[in-house]
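Paired with chain B in one complex and with chain C in the other, chain A is shared by the two complexes that follow.
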Partner chain A sequence: MTSMQRWGLALLVPYVLLFLVFVLYPVLYGFWLARSPAAYAKLFEDPVFFRTVVNTLVFVVVAVNVKFVIALYLSGFFVNTRPWIRWLSVLFILPWAVPSIPTIFSVRFMLNPEWGMVNSIIFRLTGADGPNWLTDPTLALSMSMLVHVWKSLPFWTLILIAGRLAIPKEQYEAASVDGATGWQQFRYVTWPSMRTLYLTSTILSMIWTLGDFNSVYLLTGGGPADLTHVLATLGIRYIRLDQLEQAMATIVVSMPLVLPLVWFMVRRLSRDGTQ
Partner chain B sequence: MSWKKAGTEARLLLVGIPVALWSAFPIYHIFLFAISSKDSAFSGALWPAQPTLRNFGAVFKQEHFFLYHFWQQMWNSLWIAATVGFLTLLIATCAAFAISRLRVRGGRLVMNAALFTYFIPAAFLAVPMYKAMSVYGLLNSSWSLVLAMVTLASPYAIWVLKQASDKLPWELDEAARIDGATPMQLFRLVYLPLMLPSLVAIGTYALLLAWNEYLYAFLLLSKETNVTLAVALGHFLSADDSPWELLMATGLLYGLPPAAIYYVFRRYMVGGLTAGAVKA
Partner chain C sequence: MASVHFRDVRKSFGATEILHGVSLDIADGEFVVLVGPSGCGKSTLLRMLAGLEEVTRGEIAIDDRVVNEVDSKDRDIAMVFQSYALYPHMTVRENMGFSLRLRKAERAIVDERVGRAAQILNLQAYLERYPRELSGGQRQRVAMGRAIVRDPKVFLFDEPLSNLDAKLRVAMRAEIKALHQRLKTTTVYVTHDQVEAMTMADRIAVMNEGRIEQLGEPLALYDRPANLFVAEFIGSPAMNLLDARLRRSDGAAWVELAGARWALAAGAPGADGQQVKVGVRPEHLRLGAEGLAGEVVVVEPTGAGTELVVQCDGASLTVVVHGRSGARPGDRVLLAPGPDHVHLFDASSGARL
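And now, the complex of A and B:
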């Protein structure tokens, strides 16, 4: 073995150890804990479970797609070069740069039906009482999705801006010489160049949104009556109730949703990396 | 200015103003609570009748039950974040160098394992990690959070550093090797100086990830004196009559450093991180 290979192996050891001790062993041990069919039977009997699966699917599909349509639109807005748009982009990044807890709590207070800012504005404008934002399960879950969009929109907009800026200017010039309208420029120049980036980003965002614990837990706590849980918060709820088998079973059940997406992403990035 | 141009500007403003309000309002709302007295915080006004800094004084002097350990918790957040930043940088730089420059056998397998960890949603890994930490006897020790966060931050760090490192010209390595440089000299004298911007970005990324983390911190730590500020903020929700104005003042103190760091290092962050996050 050459000295290069020896040094290479030595330098890999710290990460490999970290991976074995804090990822591989925990995951294998976790799966072993979740081996008994009884855990799954109990999980499926939990009245909260079915609702949680539906919530998770709605959350992932709706929130992510809404977020990406807005991000795609705003990426087109932010590539306009104006001094005030540069300043606005600094402000626009804030939700992503500031930690979740204070901001999500802030939204939580804003939505308080009695003294929250939102309902007091509604009252001032219309004279009517606003809705009970966080005590109606559908409304509460929608608000969680809104918080999620608020928090992660800047990041994905940045990604899509990078994608837009990579499109050669000449293509737009050629299109406008041919008299293409704004929509036609988007349809025939922008979208074909951005399609792959858009789809890859959407899939990655779906995976991460599946693990978005904060937007639900810090806003609704899973309530009212445990009706707004998603799989990420349900697993943690079982840990807090000291039902570790159930917690692991929840993770295992969500694997058919997670693994194909993860596999797709690893394949994609690993192929790009070797080019 | 022609009519057409004015129309374009108006259309841009029509998008820009809602975007500004949407982005800033929840953060302004924190600020508003933080400078309001207890009574006026709940009035629903957009600016308090008598703005006050007393809430910050109460936080600094630890004058409330929820704040008795404020400075201790601030310190916990700080040293844990700094340690995570340092360890992540150390581990990831070594791994990226081995995979990218030394082309170590098995490097690709390690990279894929790291990517796999990166893509698994953190909340799902939290359950087995929690159990493993209790098996290792690390539960309630700050090191459990440090190690967990290094585990979560390393994969992305390795990925970004490997990408940056792949772009360095091979001629440098060859020239150094012909001059008789050992791999360690190559690492120290060629690789580290050239990688500096990426290293700054990744160190900052890991540090912010740890500082901002709530879920792992609240699962792994529970003693009042060893929790981070994030967990302490979460405790405010345990009572119905919590002092929200103090919570928001504390939240502002907790939320500002990462935002400031982000703006200082923005130049490094956006380039390094967006390029690494998703490749078209």
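And now, the complex of A and C:
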């Protein structure tokens, strides 16, 4: 072995160790905990599990896409350079910057059907009682999605603003001289430049949203009657019921959702890298 | 094709006025170059004509139609940008056909017009390529193609050659000129390069600090600059300028400078004893038996001619000699212009006498 190779090996060892200890071992240990076929049988028999999978799909598909359409629109507004828009953008970023637990709890208080701020206002304005925001399963899941959108919208808007700023101003000027309307400028100049960023960000956000525990758990706790769980919160339910094997099994069964997204994402990124 | 009219056009950004009332009439089919140092307002004037900047005051008209409030897209103009501003996601064909497609032109017409423009600009082989696969000169041609496909009323060029290397710039200069002679479309061309202005323009508007200093045909500007700014700006190497005193007696006129005297033509303007700036083009200074004494400090042979830098009593003069020169650094020489080639400017106002 040459000294070059010895050095190479020495420099490689820390990374390999880190990978073994912090990636490979936990993953394998997780699979080992979730190794019992009986856990899966029980999981699939649990009616909550089926509902959770549906909730998760709805959450990921609807919330993320709604969020991105809004983010794309807002990014067009915030690239404006007027001073008051700059100030507004600082305010706009706040939801993303503040910590999750107190803010989501305060939303939960605001939505309390009896003494929450939202229903108090509804009562004062209309004299009627507001909806049961968190005890109606559809509404409760919708509210979770709303909180999720509210919380992560600023981040993705910022990313899309960065994408828009990378488009040279002359391209818009050329398009407007060429006769393009505002919509055509978006269609032929903005969108082609942003498409890759938009899709990559959407997929990344879907991966992150699959792991979004806070928006659901802090707002609804998975309730009412375990009807608003997503895969990210279902594990906690089983752990609370002292069913560790079940909890690990929920993570393993979410792999078919996560892995294609990760694979797609990595493929996109490596293709972009070679271009 | 169309005429273009600027009437007392002003532009302010905030409290700062950067164009102070520009008036300019451009005839149908004319090639007008706006030239001046950076910050003189030439690009802003062009962008106002394109509809990319608002007009603060005054009027801009294309033919008889005032376009102040008309959107760029409805002005029927085409513009070539310094950065080319090609659409990176479209092929050369799509880039060139884009404006026609937006106007919902039939496919056959788009293909025909793009094909013809490609032929004029020698781009047939590149129609299916993307801008990133082209060289700078080719991109430049695509940008021009995008403009000529439209057959617009007016072509606008905003420093289109600045990003090219010197050799390509000269070649493209000739191409644009040839293109104009072929299409005869009214053209407004902005550049900071006075050589471009001289070689391409039917008329040049020399701009400085938000005003037009002089408007005229290239050689008229060269032969009779209206003031010191134009005198210095037009011509390369630049005109020599010296402080002097005007004298006249018995029908003869001359200028006195640093102990020497240069004779003036019989009809020379100005009063006896007036303080003036004397301007002489480098090719009009002769080395002779009398005149202003100086020492040759630099000799630059260019082959066709020789450029000498002569140090005279604190001033540095440039002399261009046709062909070869026997002068060597250190030589003492006497310099005098032909009497018909002396420009006189008022020492305080800078205006031509």
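Observations on the model:
Keep this in mind: the second predicted complex is superposed on the first by the 246 of 275 C-alpha atoms of A that agree within 3 Å, B and C clash if a C-alpha of one lies under 4 Å from a C-alpha of the other, contacts with A are read in each partner's own complex, and residues count from 1 in each chain.
What we mean here is this: a contact is a pair of C-beta atoms (placed from the backbone, for glycine too) under 8 Å apart; a residue touches a chain by one contact, two chains touch by 3 or more.
Everything numeric in this text was worked out from a predicted model, so none of it was measured.
Once the two complexes are overlaid through chain A, chain B and chain C fit side by side, free of any clash as defined at the top of the document.
In the superposed three-chain model, the partner touching more residues of chain A is B, compared with the other of chain B and chain C. Of the two partner chains, chain C is the only one that A:Thr181 touches; chain B does not reach it.
In the superposition on chain A, contact of A:Leu11 is made with chain B only, not with chain C. Judged by the touch definition given at the top, the superposed model places A:Val69 against neither chain B nor chain C. By the touch criterion defined above, A:Asn214 lies against chain B but remains apart from chain C after alignment on the C-alpha atoms of chain A. Once the two complexes are overlaid on the shared chain, A:Pro95 sits against chain B while remaining clear of chain C. Applying the stated contact rule after C-alpha superposition, one finds that A:Tyr29 touches chain B and leaves chain C untouched.
Between chain B and chain C in the chain A overlay, the least Cα distance found is 10 Å.
Residue ranges on chain C touching chain A, taken from their complex, read 50-52, 71-75, 77-79, 81, 83, 85-90, 98-99, 102-103, 146, 150, 156. Taken in their complex, chain B has these residues touching chain A: 12, 15-16, 19-20, 22-24, 26-27, 29-30, 33, 42-44, 90-92, 94-95, 97-99, 102-108, 110-117, 119-132, 135, 147-148, 150-151, 154, 158-159, 162-163, 166, 182-184, 211-212, 214-215, 219, 230, 233-234, 236-237, 244, 247-248, 251-252, 254-255, 258-259, 262-263, 270, 274-275, 277-280. Contacts from chain A toward chain B in the complex involve residues 3-5, 7-9, 11-12, 14-16, 18-19, 21-23, 25-27, 29-30, 33, 74, 77, 80, 82, 84-85, 88, 90-95, 97-103, 105-107, 109-110, 115-117, 119-121, 124, 150, 154-155, 158-159, 162-163, 166, 194, 196-197, 200-201, 204, 207-208, 210-214, 217-218, 221, 231-233, 235-236, 239, 244, 247-248, 250-251, 254, 258, 261-262, 265-266, 268-270, 272-274. If you check the complex, the residues on chain A that touch chain C are 168, 170-171, 173-181, 184, 188-189, 192-193.
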